[in-house]
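Read through the structure below, which is laid out as structure tokens, and then see the notes.
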Amino acid sequence: MSLPPQLRGVVTPLLTPLAEDGGIDVDGLHRLIEHVIAGGVAGVFVLGTTGEGPALTVALRREVVTESCKAANGRVPVLVGIADSALGEAVALSEFCASEGADAVVTTGPTYFPVSQAELQTYVRKLAGASPLPVFLYNMPSHAHVAFSADTVMRVADLPGVAGLKDSSGDIMYLQNLGRLLGKRDDFTLMVGPEEMLADAVLLGIHGGVNGGSNLFPELYVALYEAASAGDVPKTRALHDLVLEVSRRLYCTTDSTSSYLRGIKCAASQLGLCRNVLAAPYAPFEGAQVDAIRNHLHELRALEGIS
Amino acid sequence: MSLPPQLRGVVTPLLTPLAEDGGIDVDGLHRLIEHVIAGGVAGVFVLGTTGEGPALTVALRREVVTESCKAANGRVPVLVGIADSALGEAVALSEFCASEGADAVVTTGPTYFPVSQAELQTYVRKLAGASPLPVFLYNMPSHAHVAFSADTVMRVADLPGVAGLKDSSGDIMYLQNLGRLLGKRDDFTLMVGPEEMLADAVLLGIHGGVNGGSNLFPELYVALYEAASAGDVPKTRALHDLVLEVSRRLYCTTDSTSSYLRGIKCAASQLGLCRNVLAAPYAPFEGAQVDAIRNHLHELRALEGIS
Amino acid sequence: MSLPPQLRGVVTPLLTPLAEDGGIDVDGLHRLIEHVIAGGVAGVFVLGTTGEGPALTVALRREVVTESCKAANGRVPVLVGIADSALGEAVALSEFCASEGADAVVTTGPTYFPVSQAELQTYVRKLAGASPLPVFLYNMPSHAHVAFSADTVMRVADLPGVAGLKDSSGDIMYLQNLGRLLGKRDDFTLMVGPEEMLADAVLLGIHGGVNGGSNLFPELYVALYEAASAGDVPKTRALHDLVLEVSRRLYCTTDSTSSYLRGIKCAASQLGLCRNVLAAPYAPFEGAQVDAIRNHLHELRALEGIS
Amino acid sequence: MSLPPQLRGVVTPLLTPLAEDGGIDVDGLHRLIEHVIAGGVAGVFVLGTTGEGPALTVALRREVVTESCKAANGRVPVLVGIADSALGEAVALSEFCASEGADAVVTTGPTYFPVSQAELQTYVRKLAGASPLPVFLYNMPSHAHVAFSADTVMRVADLPGVAGLKDSSGDIMYLQNLGRLLGKRDDFTLMVGPEEMLADAVLLGIHGGVNGGSNLFPELYVALYEAASAGDVPKTRALHDLVLEVSRRLYCTTDSTSSYLRGIKCAASQLGLCRNVLAAPYAPFEGAQVDAIRNHLHELRALEGIS
């Protein structure tokens, strides 16, 4: 599949199914991709934060790329996270992605070394110049510790090969401002990360979301996208409330910042989509925490609209 | 060389000499190591922040390890930074370090994924269990975005294989508190990162410093360590003032956070120690900035005590 | 006027017109209140951040209260900001407000001393117990340096006298979560501060906004509220775009955090609503900055929908 | 007493003894000032953070000023904190301080409204121009949320009436840099706030400390100042260790940021210096917490050097 000029809809930031020995659970990966394609998503984004990409060795990352491209098999585009502290490694992974048939790569900008906006722009210019695949920007300051300012996005948005932005900052005003500046272009994609903001963003013109919950319940997120995109406020509100229920019950069971990732993987394992195995630095939920997720899933599935 | 039970003195966080094509400047690396050993340093720490470790590809990091061990040749211990977002890569690099004859590895904890203190302790436990070499902790919150709390340090300091801490937080109260808690052990090393704090830290009992300026003027930092270690306050103050002059003139020529790394590498190139080449995301100083560093170096070398 | 059980619509965080000598411009204050009432706002909030309340002496604050109550004269409710580092001063001002006929007071929680959520809850409990007027919470972490967690809001929302929340955090997920938790109550008011979020918030069920731009163009913000409240997405988008234009042209003319307050006051002076005088620590725009605001106002008034 | 051109030694940031009804405990205030003068301190700083100044009403602040001047009676200088969100209130308090015979006022810069460094410099210029008393800068970013950059300090240090700086940032590099820039002037005072940094700061040339623990054990802090000032490293280390013990046992009994203030006031009440009463937003320790402080005091007083 080649990437459309503009992505619209829900892209799943794919969980990475892992085996007990820490390797890739290839069957789980294929199964999960079938699940989300069947649910109507517009693409998959592998090796992102939800996919634990930066926590996997280079060899495992490459295996995920190869298998995801095989599984998607041209039905939806495959985007690949290449966050790395070394530009050389990011470029090498981009080249590998191209060779395997992926459709785009996604960069947080450099990690570890703090950069100015001018340095960040230079970085994107170098990466886009060297990458054989289109590059999406991934604004993820909570993890990458660098933020793409609106001015930086505008400056790099015209570079050949820069195709869009996923904003996971949680700052709706930033994203709307970019919508005002870039939303009329039909060859640049603006996506929102936090699923709790999917309704807001799409109602006011953002093109879609890259939302973790679509690993679990792809139809729900796709339906919310469609209602908001159609300007159906009552339906949007109702589906938005369901999304907030998913978030509250599955991602917030502890105070730690790891609750989201541990919760969603645990829930996915309860749904039979993958095993409850995480890469370091995180450990899977155990015992009472697993029970809580199981109960919350049970409650959720009793709500109309979640299946 | 095997690592002594406790390091004392100045350890150089070694710059990584790079060639114009981005590869390792092997001759420069050997020359720089000779320079700092001749200046009396107690060890070298390669692939740290000053060494741009996380900005280098895995292959280049390995080359630095191999060549540094050859160059040091047992005269001083070689410590190697293994900061990585993937534990598996950090362990693999540790194993490589052991095979090449390095003496210890240095971990910031996991990068990218935010961790709680409990998760950080688990990470260190796994790393120390898997690493064939002793592990130093590297408290570097400005870059790694995780901080080792005093409680965490205490909890992991007793693990087999955990050998010491380099604190680059800039928080003298944190370091002194650890000095109070751990300073009496003769098998655990406490080192301060920022050279502007070397005088303070050593006067009050910290074992030494891992200070970037010792790439340039190793004798100065060694002399300051010795004066402070001997409790000679007037001499410490005089040498400390020189260290502050180095910092002001070479590391602060622009407002950006990259000024330190760009300034020190430019100065090292002016001193003939390496080329003025940096890895992305940083670019070397050019033009007027190089002139400024040259002039500042000239002024510094006119001061008594810097050579 | 007594406060309705739930405020809905746009409340103006009133600018405080000042005379050249730093005193209150009483005529300006009356004129501004007429202007916003004529524009259809649902209330005025005096001595907030936009009103420079904390920058005014206690005597000036009292004069603002007295004159605002006179000017509003029961046509719309008058809410009064009582942010202070001393609880005793906040209570004293509440008592004065009651005596002058104001309708509610608005607290940021304590300023200066950092508090835990438990300490913040105790503070609200004491204040609500001592205040003769209903108390609104004002979540304003950028200035007050304390944030009301959702849990804290839930715990104090049932106290007698706690009437609502204005959220100026810029975190739409926080506000929507409170909407989920409290939005069905008909006696508790949820308002959004940043006008760039008014469309989002109201589309998804928040009761209205306390938006600075309504000092200048009250009809615009009231129309946006009404469109969003009615679920009219196309009209909401069009008016929302106008609000973003106001924000971009009037509040962002410099990089400083004072641009908002200096810009809005300068614009209000150009519109003949008040003088271009600010209280320390801020100084009014001068020269080219005034020209820029004048030109931007001219451009704005050429857009359909702004008058 | 008129203020010397340069203060040297330990200045006590005086606790404010409060009565059970929230008023000033005048007898306690006189007793506490006798206690610290007897212990050899070089001055008292009332209405600072330790003195809960910003938490007291204006009327109570004035009573503290009047009574402190009476109690000090010219034996040591009286400095008064005037932190306020309104410049007009700060100036009014300065005038009152002058009329009561205080020696200097201490400003954090404006609270509540965020300011740029240029705005901060203007604020200091206005305040120093209007204040009849010399003005000290109080760098207290954790509470005032504004920091005096080194450049700002240099720019205002030459203004008539600007007399010195108390640095409570905890950043030893910042303070040492100011020591390098201003330490040779004999008419400008540099003081360190956190007592855990008193040894460091004075060993390297800072003029003294404004240290909360000197409310309790003034002789200890004065002895530490004298040892460090004389360059006696062994004695400095020994006394510094005692100061760290005080800090650990009395200020860190809970995780909250209020532990310092609640702990020191509880300890002072145990020593018979004042009552265990705090102004909102803080509440005094109770029950087991009081017992813990009592036991820790008992342990401390068993150490040689604390009395």
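We just call them A, B, C and D in the order they show up, numbering each chain from 1.
FYI, a residue touches a chain if its C-beta (ideal position, glycine included) is under 8 Å from a C-beta of that chain, and two chains touch if they have at least 3 such contacts.
All values reported here derive from a predicted model rather than from experimental measurement.
Each step here moves to a touching chain, and the least such steps from chain B to chain C number 2. Centroid analysis (C-alpha atoms only) places B farthest from chain C. If you average the CA atoms of chain A and of chain D, the two centres end up 50 Å from each other. The distance from the centre of chain B to the centre of chain D, with each centre set as the mean of the Cα atoms, comes to 36 Å. In chain A, there is no position where the chain touches two or more neighbouring chains simultaneously.
Listed by label, the pairs of touching chains are A-B, A-C, B-D, C-D.
On the side of chain A, the complex with chain B involves touching residues 22, 49, 52, 54-58, 60, 83-89, 92, 109-116, 119-120, 122-123, 126, 142-145, 256-258, 261, 279-283. On the chain A side of its complex with chain C, the touching residues are 170-173, 176-177, 180, 194, 196-197, 199-200, 203-205, 231, 233-234, 236-237, 240-241, 244, 248.
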